[in-house]
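Order of writing sets the labels: A, B and C. Residues in every chain begin at 1.
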Amino acid sequence: MTPLPITAPVLEIRALTVRYGARVATWAVDLTLGPGEVLGLVGESGAGKSTVGRAVVRLLPEPGHVETGAIRFHGRDLLGLSDAEMRRLRGADVALIPQDPLSALNPVFRIGLQATDALRIHRGLSREAADAEMVRLLGHLGIPEPAEVLERYPHELSGGMRQRVLIAMAFSCDPSLVIADEPTTALDVTTQAQILRLLVELQAERRVATLFVTHDLGVVAHLAQRVAVMYAGCLVESAPTRELFRAAAHPYTQGLLTQVLRADVRAEASAALEGLMPILATAPAACPFRERCPKRMAVCDETMPALHEVAPGHAVACHLYGGA
Amino acid sequence: MNGKLWTGGTIALLLLLVALAGPALAPHDPNRQDLVSIRQPPLWVGGAWRHPLGTDSLGRDILSRLLWGARVAVVVAVASAIVSALVGIPVALVAGYARGRVDTVLMRVVDVWMSIPAVLLAIALMAVLGLGLWKVVLAIVIVDWTRFARVVRGEVLALREREFVEAARAIGLRPLRVMTQELLPNLVPLIIVLVSLEMAIAVGVEALLSFVGLGVQAATPSWGAMIAEGRGYLMVSWWGMGVPMLALIAAVVGFNLLGEGLRERLDPRLRTTA
Amino acid sequence: MSLRFLLSRLLLAVLSLWGVSVLAFAILRILPGDPAILMAPVGSTAEDIERVRREFGLTGSWWAQYGAFFLSLCRGNFGRSLWLQQDALRVILERLPATLELAVTALVLATGGGILLGACSVWRRRSWLESGAVSLGTLGIAVPNFVWGLLLIVVFGAILQLLPVSGRIAPEYEAAEVTGSAVVDVLLRRDPAALGSVLAHLILPASALALPLLAAVFRTIRSDLLGALGEEYVVTERMKGLGEVRILFCRALRNALIPTVTLVGVQFGFLIGGTVLIETIFAWPGIGQLTLQAFQYRDFPLIQGIVLVYAVTVILSNLAVDVAYVFLNPRVRLAQ
């Protein structure tokens, strides 16, 4: 299920450090995404995973800014692009599926207008042609009477329908990269399952490189070929999905998994682990997980662990495995 | 302390001081006519120290009239604001607390009251009441109490849903006690802001009424009347109208800034739609 | 169309109309002083005053008086103007179009100007445009409109001598009234010089009248736009590749317009009231100018009529705003 990418990666993130003012949101994050590959980016609230996604499309909210690092999309340096060039990419080559479908849609415009924007801007389609294409897409995503839906306003649709519209919008111009920012979090459980199924089908069909941000390890198990775990803005582990579930190396990941593998409990990347995730006010000088780590050592308080490969394709940032 | 608060507060304080001390500071009797030296220019256009801001077309000293006018403006502003609050707030409390029918009826009354344009109502009232400073205050209160009623009622409606009100009612506090002990203290920031803004409005209305001759009596100097008088010879010299106009603008803007500065300072704790 | 919402607003309007009739009735009779004495000419005998009393329906119980008053209102009989010796309603209706033209122009200026200025100040943040506009906003709201009127007269009339400061049209272009609106009349005549004159006369009083509302609209649009730009849907719009200008002036602005409509509705009454002073200052021949003169002459029937007509205008325009609100807000429009 996990062929290692032998072709050029779609997305390369190198040493990405993002700050909101002085506060550190992400610290020296490295990620790679190959064509058609789904990478699950997992972490609890505030771990910096959404920030990574927003940084890629350069839509960080104020006062967020990229301090250091590089983001390359098909080899192109995204951080150096002009606003106009970035605009050309958004919606066409890169797309975003947002978290809350209600607040993500403009309440005073009809669905038809909003959903066909990308098609009309990037593909130059006329209103009728774009509408027709969107009807086709919505139908494909399982929306009954899609032509009707185009005439509606966002508040008239259910949460699941709205999210399908947003997914249709994202895929409408055949992007080569999709960033899914917790697309099921705001939905009820049943709808979550439906949308997930939909995304799995779409992925099987189109094979689009996807950065799937979520706090839910269970979701990741279904969809992703690789998983990256973030904690307090730092990347702590990354591995092929099977490998991660089978042999997680980082104590944090292990803690998360003890919750996932209980079939009757929802898998949350949260703190049944004791304590709270710290928010980094400045550059981390030591391992951010040390306060909650059951395997804490002296060296953990002194230096920041670097990523080390412990198995093919499996990297961990922990002093247990060589660290600094 | 933000910029608005500083500026507005300073101006308001200055006005208050002038209003209190003014008449003592005035070099001349504001009503003393001196038909020999009419329309004297102010100091910077070639006038004399005797009349630093010049004289009007009856030879009256503009500076003295300005100072006395400040007193009128401040008294009207403070009195109108406070009395309007005293009328509007109880209505707001009752309407917001009782909700339902009582609220609907009261707010309909307010709606109808507000259908008559404020200026028109004020003029009509003054025409019937006659001239005079306290009549001006009365007219302003009659016209503008609805502002307090509306805005404060909105806040009362919001506050009423909060736990401490429910708790008070649960232990059996009578409505009057709930209103005075629980609601009113939380309304104080909003009321302070509204009073400041109302003072700005009151100064403007008093000037307007005096401008058309329906304000304070002729013997009492008022900025509005000075503006009207100065307008008569505008083409000849601008200061007769210009000086009181500047004073008026400063006062109105000052109270306004004060109100806004206060709102910004106190805002996290209130949601106003004034 | 949300019928229930509109019906309730209509009911409120009718109720307000009735309430205003009561207020107009009451003003004269409740406040100190005998209105008959005030209205009768100086030196009248007791019989004269009694006659005045009968003539103006000031005899009998309150109920009887109000009943008679209300009935005559319904028949369109507002009484007879003491000063002009004509039917009060007729006098008022003759001059009403001038006031309406002024008020509507001011409304358009205030709304359009406020929205444009507000949107531009958000577009060019941290610029001199923004700081200048914000200061103007504070000034505009605080300063009474008659002061603006006088300032405009001083600057454009006295100092620059650019624009006329009284009347509706230069005497040489005067012609018989057709529609009541000077602008429309002149357009019908296809006389560009006359049009220029009409517009030149209209611009200063309309601007003075509009300024406070323009400042309020500017502030509201600014704060609502800034709020809208922070919303999640703007991120979506950007993610589709829409440009910032289009997002600001089209997608976000449309959202910000909704609370603005409510504001305009609330403030329109103040704007209309402003015509009293502005018309007087600019010698504009509408009912505003009539008002102060009516008070001067103690012409109570005329005063009553003017108050009623003003109130009706405000009530009807509030209703119009309610309709506009329903159109603009899809959530209300489609509510069950």
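One rule holds in what follows: contacts are C-beta pairs under 8 Å (C-beta built on N, C-alpha and C of every residue); 3 or more make two chains touch, one makes a residue touch a chain.
This is a predicted model, so every value here is computed, not measured.
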| item | value |
| --- | --- |
| Reference subunit B; chain at largest CA-centroid distance | A |
| Chain pair whose interface holds the most contacting C-beta pairs | B-C |
| Length of the line joining the C-alpha centres of subunit A and subunit B, rounded to whole Å | 57 |
| Centre distance in Å when subunit B and subunit C are each reduced to the mean of their C-alpha atoms | 22 |
| Of all residues in subunit B, the ones touching two or more other chains | none |
| Residues of subunit A touching subunit C in the complex | 57, 59, 61, 83, 87-92, 95-96, 98, 100, 103-109, 114, 117-118, 121-122, 153, 155-156, 166, 169 |
| Parts of subunit B lying in touch with subunit C, wherever the complex brings them together | 108-109, 111-121, 123-125, 127-130, 200, 204-205, 207-208, 211-212, 214, 227, 231, 234-235, 238, 241-242, 245, 248-249, 252-253, 255-257, 260 |
| Residues on subunit C engaged by subunit A in the complex (per definition of touch) | 230-233, 235-244, 251, 254-255, 258, 328-331, 334 |
| Subunit B contact footprint on subunit C (complex, rising order) | 12, 15-16, 19-20, 23, 27-28, 31-33, 138-139, 141-144, 146-147, 150-151, 153-154, 158, 269-270, 272-274, 276-277, 280, 291-292, 295, 298, 303, 306-307, 310-311, 314-315, 318 |
